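Step one of this worksheet: look at the structure below.
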Amino acid sequence: MSFMEFVIAAIGIASAIGVVGFRNPLSSAFSLILHLLSIAGLYALLGAHFLAVSQVVVYAGAIMVLVLFVLMLLNLKSESGRRIGIVRSALTVGVGLVIFLTVSGPMLAQFTDISQATLEQNIKASEGGVKAIGELLYGKYMVQFELSSLVLLVGVVGAVMLAKRKNVQLTPREGGMGGAK
Amino acid sequence: MEDTRLALVVLVPLIGAILSYALGRAAPKLAGILATAAVATSFYFVVSLWSSLEGGESFTFTLSSWLSFADVKLPLEIYFDKLSAVMCLVVTGVGSLIHLYSVGYMAEDESRPRFFSYLNLFIASMLILVLGKSLPVIFIGWEGVGLCSYLLIGFWYTNSDFASAGRKAFVMNRIGDLGFIVAMAILYHACGSLDITTLSRPEILARIPSEMGFIAGIALFLAATGKSAQLPLFTWLPDAMAGPTPVSALIHAATMVTAGIYLMARMYGVIELDPVVPAVILWTAFATSAIAALIAISQNDIKKVLAYSTVSQLGFMFLAVGVGAYSVALFHVVTHAFFKACLFMSAGSVIHGCHHEQDMRRMGGLARSMPITCLSYGAATLAIAGIAPFAGYFSKHAILDSLAHVHNPYLHSYSELIGFGATAIAICTAFYMTRSFILTFLGSYRGEGHPHEAPLVMTAPVLVLAALSVGGGLALNHSFFTYLQGPLPPVAHHAGGGTLGYVLGSIPGLIGIAAAYALFVVAPALKDTIRKVLWIGEKLSSGKFYLDELLGLLVIAPIRVLSGVFSRVLDQSVSIGTGNAIGGISRAVGELTCRVTTGQVSTYVLWMFASAALLLYCFLPVR
Amino acid sequence: MDPITSYLGIACLLFTIGGIGLCLRRNAIVLFMCVEMMLNAVNLAFVAFSKIHGNLDGQVAVFFVMVIAAAESAIGLAIILSVFRSVASIETTDAAELKW
Amino acid sequence: MTIAWPPLSSLIVIPALGALGCLAPWFSSKIDTKARFVRVWALGCSILTLVVLAAISRAATLSHGAVLGLEEAHQWIPSLGITYHLELDGLSFAFCLLTAVISLAVIGWSAKPASAGAGWYALLLLGESTVMGAFLATDLVLFYIFFEAMLLPVLGAMALWGGAQRLNASLRFLIYTMAGSALMFLSILYLGWNAQAMGHTLDGNFAFEITTLASMKMLTTTEELVLGLAFLLAFAIKIPMVPFHGWLPDTYREAPHGVAAFTAALLGKVGIYAIIRFMWPLFPNFMAEAGPYLAAAGAVAIVFGALVAMAQRDLRSLLAYSSISHLGFCVLGVAGISTMAMTGAVFQAVSHGLITAALFLTVGAIIDRQGSREFDRLGGLARSIPLTAFFLMIFSVAAVALPLTSSFVGEFLILVGSWKLFPEWTTVALLGVVLGAVYTLTAYLRTMFGPLHAADPQTGGDIRGFDVIVLAGLAAAIIGLGIFPADLLGMISPAVEVAAGPAIVADSSIALGFSR
Amino acid sequence: MNALVPFAPVLALSLGSLGYLVSGQLLERARLTSLFALGLIGAAAYLIVGLLPTAPTVPHGFIINDFSKFFAILACLGAFVSVIGTASSLAGEKIGMLSEYYFLMLTSLCGALVMIFASDFLTLFIGVEVASLALYCLCGARVTKETSSEAALKYFLLGCVSSAFMLFGIALWYGVTGGLVIAPINSSGPLVILSFVLMMVGLAFKIGLAPFHLWVPDVYQGAPTSVTTYMSCVVKVAAFAALFKIALNAFLLPTEWAVGILWFLSVLAMTVGNLAALQQRSVKRMLAYSSVAQAGYMLIGLVVLGDTTSVLASSVFYLTGYCAMTIGAFTVLSVLGPDADSVDDLKGLVKRSPFLAIAMTLFFLALAGLPPSMAGLMGKVYLFTGALSSQFYGLAIIAVLNSALACAYYFRVPAAMLFQAPPTSEPVRVSVFSTFALTFCVAAVVGIGVYPEPLVELCEAVASAAWRQ
């Protein structure tokens, strides 16, 4: 593992912990942006350049902007109230540990002995250029590609339906937020 | 030989039962007449059948195929032979007299139709009992008379005690019936038939295994103890006096209670399979007879005296059964029917005349106001006391005599003791019967109001029976035993004839009478002295030997307790409680299961992860 | 450790961290972010596998997951807004009327 | 003899259609004006069923000498091997006759819950239809369907018109029965699959038809044990046998009189019927092994039921527990291979059906009149309602198995028949004869005898009209069967012998009891 | 053009539903919107039956065979009946934006069809997401009701987590095989098992199997009843189709390791579902828990899978019957009003509307497996015989005891409707649409039980087509 990889991975993991750990959602969001960027870096290191770009644009860009927008809109403070109980935290970490070990164990065991030669060769083949991916998207995965448009459409319509309020009186409690169309 | 008259013997009283109720509701007076006529008609048919009975032949009649299916053959058949003839004659003969008597006795009761209907039903049942060709058919009558007895004891049902007495009679009879059913089961499986003609054949009886023979014999005797009021099941009979007096006369003296004797006589082959059984019968009879006689001494209710006397006399009959003298026992049945019916009916007249007073302490001196009744009661008393030549003398003497000829290995060495004891009981009988006569008819009247003689419709049958009590024994003495030699084993002896024999045979009775006269008329003071000296005996006697209490403690109380425990503890907590518990537990677990759903997403996610972790941990081959 | 397998290890770790975050946090938006993190972890695994196998199918899958994540975010945020309007909070402990 | 549609199905279909017919006016607005019509219609349907049953048996008797093997078979679900197969032999006939008579009596009984309208008759007719189906079906799945279905009308009627605790009682009834039949259901499926797995079926499919299954003799001892126990549990709850009677007291306390009569008279009988019809042929070895235990259970039920009945303070509970006691005799009867006892058990089941229905109806009349069912508030009624008292006496006397009533025939045959096989348990059962007399007469005494209770309403009067006909009819049936039982016994016994036939072959030493 | 034929139903639905977005105000009339939706679903169903090739074909990412066609028809039928049944109650639920509502419902159905037809994991996943995303929104469609949004939020968050699990499973599959096609794998190494478990977590969530069922009661209760009606049928159908497909064609069940997992899930689902339902006063929650339990029964066919097709057919059969029952039951609830939920709301329903009460009783009887609505009973006969024939005695016993236990709560609703006094005597109006849907469901529930032969044969055929030839 190269130094570069190590650093980026470390940033990714640290920022992931940050997302979970920061009490202020805004800090979490910024931490997540960092996390997504570091993942993009890992993609780039793995040779998936198209994905690395998409990751920055779609995730770190579009999605996170949306998240931040909503966060600002709702103008939220840190999580209030009771802290999470120690038992629950321990339980959660324990469960996480079990999942991590049971999932990663066989996975790592399976792929440790791949010969470097095949890997080198494969890396060449999986250079994620735009062209190669584009060919797949419009060839082998055309149906899925078309279907993904349906996913986006659902996203749009769904958001409209939930956010748009027609013929509905706002209760005083939600008065402040009436602005969202 | 099929004979339709046989069917009519049974059916006429049955029809009478229906008609007397149906028509009696419209015209109450008609009920008694119809019922009496029905029984009399039945009597007529019995006599006509009896007269056409020759030699060893018999009549049968099949009413229905009843329990016949596949290879089971148990038709509803009735059968008339000499033994049945004797019983039938007594039942219908004495029965018609008592019916006639009841017309007078019940004249003022508004429920007459019901009464006569029951009474006729009883006659029909009793006839089925004595005519049944197979044990199940006998059982029909056996239970039928039990039912009628129950209904008639509780005839005045608005009094709870009377109704309870009826129930007691029925239940105690039922205990005996268990024996009947067991005996039927054993005999059916061993012999393949329950027909009495088959069951009297030695080669058939030989098929019964020995231990089963013992059980069958004991079981049959248990049945007889229930019906014929022997230890330990006799306490119902005194209580049965709650019924109208004609009922006591008919059912609880003359007919029904002798059904046990009849059964023993019919099934003597089974009884004698194992010699232990007769021994048991004899000792039970002896004890019953003695205890009943002792209790009778201290009773003040005139009907109770007669009731205990009946029990005692039934014990006497069983003594004869125990030694194998069945025709002697039956002879006593017949004479007992005469004099005991006469006694009861006379007592009924007394009660009727004294405005339903039954306590002898409030009677006395009735000889003046009711001479006819006094006469008949006196004659019957002499008969039961065993004074020659009254009827009771012959039968009682025959019994005492037969006791001397015991062949049973289990009894052989006790024959003197039994003979002596039986004589003592005979003395006792004479004593308490004389006592009751003295208390009722002699001295001066101690009650209120004016006692009066019964009307003719009552006195006439009483007189007929009194006459039979006087002369019946003498008339039948010799012919009876020979007559019954077909269906029953022959009896070795004949009651002592000749004047000397009469006098000697009457001695026990005379002793009893004399003692009673001495104590109650000549020297009443002596009575109290004796009472003081024998206080324990007095206590036992007047307390009826505490048999009811004993029974209550040993049988009824445990059953009560068991019943309570079963219903409250076992049933409520175990049977029903288990169901409730299972329901409760599943509901509680369900509640817990729901509690997982806290409504908070984080918890749900945690559960999801934990479950996934569990799945992974459990089902992955490598960890 | 082999570089490729270490990517897989990181993916697993990130997946788990996301899961832990879901269990511990209450703010709906943070929860949503944790979900995104889990998806990203899987994406990383996809890319790593794509490299191991030397084909691009995995990368295509990642592309589709991104599309789906975009739609998800639109809907998710709309739902969160909707919840906020009705209970004036986006903490999941406040939106817990449905239970038991 | 196989006959074409419709005779046997019509026994099921006529009441079912009748039920639908009853509901027809329910949808119209003028319910009141049509109440009379509904009653007549329902009566007509149930009479028609009885007539058809009589006609079928008469026709079969004329042509064959016995109602044996009258069958009706259709394919139903061939791919699962489930058939629509009905059979009317002597055994079924006895129970079908009982069903028809009891339904007629309950429908004819005029006193019904105040709020009950057309639904009352519809549910009763449905009950008749389903119970009839259970007695006719020879395909196990079909039997199971009817076995479950017959629960519902009864449950409905009870929950609609029962006492204060009616919903709890019906829930309890439902759960008990379902819990009992669940394992039987599984066992039925196991049998069907086993037939296929053993390659015994012609078309290589499952088979659920009883004669097919019984003729295969393919079960191992363990299988017989497990499956037999599962079947037994279902029937033990249905009958009910002690200690599986937890549903019974509540049900009989809460159900309306007619429904209680219907339930007590018919539902438990299905258990008795099924033990003979299904368990003996299917599990002969198990039954031979379990016989003594079954006999013991029967004897215990007799004594237990009687003792608990003695402690009851109200009429309906007493009847409930007495039912347990009486059905104990049936269980004792079906426990061993004795034609006599088994025939007796069937006869006793029929007889108990008639008597218990009559008792529930009569007692219902008393309770309705007095407004109370507790002994402490009854008493001395013989004077004010003599006709009711008369009928109650007849039925009580029949309940204690006095000769010349039908129950004597049953109990006598059972006791004598079982004596050979299980003398000790028969002896215990005999105690029930005495205890039965005790509680029955006590109940009668406390209801009818003694001084008139002060709270006697003096209104309502004696039973009259149609009710007298119903009770008289039942009494006639009880006494008629008591005097002339031979025809029915002659029908039952060959069927019973056929059913228990495999067992005779299976164990010749026990079969000795059969020869007499 | 021929290349498009296999996609015709999905295309028809997705393109047709665009009509809602295009037409704007034109389709805002309630009656018309519903009719348009019905027309589209009908068209899709018609295309599935009429246009799709009869021989098995595998075009891009899709697989068309008897198996997928049957499930697709079932999903369409379920959607059709639930749309008819609940159309008239939408107004009461204050779902103002009917165009969007129906658009999402149709798209969701479209996603379900994609799940059913998918022949590779990627398509399957996209199908799952299309169906789920639309449903998340639909759950929150009743914007005036707090619980509706809450249900949407819960469903959304948990659904995304489950998707992540499933996706991880798919990633592992890709890691093992190097492809995304649902094709047999000749390995049962730990990674394959891991992949199966992770996908199973995702699918078990969608189906609602315990212990991944926690969302079910909340969402069924919180969502508008019309959505619940739709969801309870279509999601289960699609998820089961997907599960059967990947289990049989990719993981080559039956395998020793899978039996343990599935057995565990099945037993847990039926037990937990039934026990939890015992305590519910809310009918919707009760039905939700009951659906968990029923899902446990339906899984039996997969647990006991032997070398014959008939056990799988039994699951398919049961699923078919279950759809009719659950749609019927929820439709009745939706007719009673948007907030009809507690058992008390159903008290004395027979006085207010005999038709509704009797229909509901029949559905509950069917769920309990009692005659006369014998769809449930026959389904159990079929299922348990299968379990026994594969020697899964323990499973069969647990299942049968569970179905006995279930009667305790299934009894409660009919008891309230039939045997208790109504709080108001006001009659319930049942629209023609709902009457039609309910009649259909009643006919199905009774008919399937009384004459199951055709369906049994069909299911056998479907089950034997479940394996890719």
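Some notes on this structure:
We call the chains A, B, C, D and E, going by the order they appear; numbering starts again at 1 in every chain.
We adopt the following convention: contacts are C-beta pairs under 8 Å (C-beta built on N, C-alpha and C of every residue); 3 or more make two chains touch, one makes a residue touch a chain.
The structure presented is a predicted model; accordingly, all values stated were derived computationally and were not measured.
Note on connectivity: the fewest steps through touching chains from chain B to chain E is 1. Taking the mean Cα position of each chain as its centre, A sits at the greatest distance from chain D. Among the chain pairings, A-C comes first (most C-beta pairs in contact). Taking each chain's centre as the mean of its CA atoms, A is the chain most distant from chain B. Mean C-alpha positions place chain D and chain E at a centre distance of 42 Å. Note on chain placement: the centre of chain B and the centre of chain D lie 37 Å apart, centres being C-alpha means.
Centre-to-centre separation between chain A and chain E, using Cα means, comes to 30 Å. If each chain is reduced to the centroid of its CA atoms, chain B and chain C end up 96 Å from each other.
Contact of a single residue of chain A with at least two other chains is seen at positions 88, 92, 95-96, 99, 102-103, 105-107, 109, 111, 140-141, 144, 148, 151, 154-155, 158-159, 162. The multi-chain contact residues of chain E, meaning those touching 2 or more other chains, are 122, 126, 129, 133, 136-137, 140, 143, 152-154, 157, 161, 168, 172, 175, 190, 194, 198, 217-218, 405, 408.
Touching of two or more other chains is recorded for residues 175 of chain D. Chain pairs that touch one another, listed by label: A-B, A-C, A-E, B-C, B-D, B-E, C-E, D-E. Against chain A, in their complex, chain C makes its touches with residues 1-10, 12-21, 23-27, 29-30, 32-34, 36-37, 40, 43-44, 47-48, 50-60, 62-64, 66-75, 77-82, 84-86, 88, 90-91, 93. On the chain E side of its complex with chain D, the touching residues are 354, 365, 370-372, 374, 377-378, 380-382, 384-385, 388-389, 396-397, 400-401, 403-405, 407-408, 411-412, 415, 418-420, 452-453, 456-457, 460.
Note for the complex: chain C touches chain B at residues 19, 22-26, 28, 31, 92-93, 96-100. Interface residues of chain A facing chain C in the complex, by the touch rule stated above, are 1-2, 5, 9, 12-13, 16-17, 19-20, 25, 28-29, 32, 35-36, 39, 42-43, 46-48, 50-51, 54-55, 58-59, 62-63, 66-67, 70-71, 73-74, 76, 79-81, 84, 88-89, 92-93, 95-97, 99-100, 103-104, 107-108, 111-112, 114, 118-119, 121-126, 128, 132-133, 136-137, 140-141, 144-145, 148, 151-152, 154-156, 158-159, 162-163, 170, 173-174, 177, 180. The touching residues of chain B, when paired with chain A in their complex, are 606, 609-610, 612-613, 616-617, 620, 622-623.
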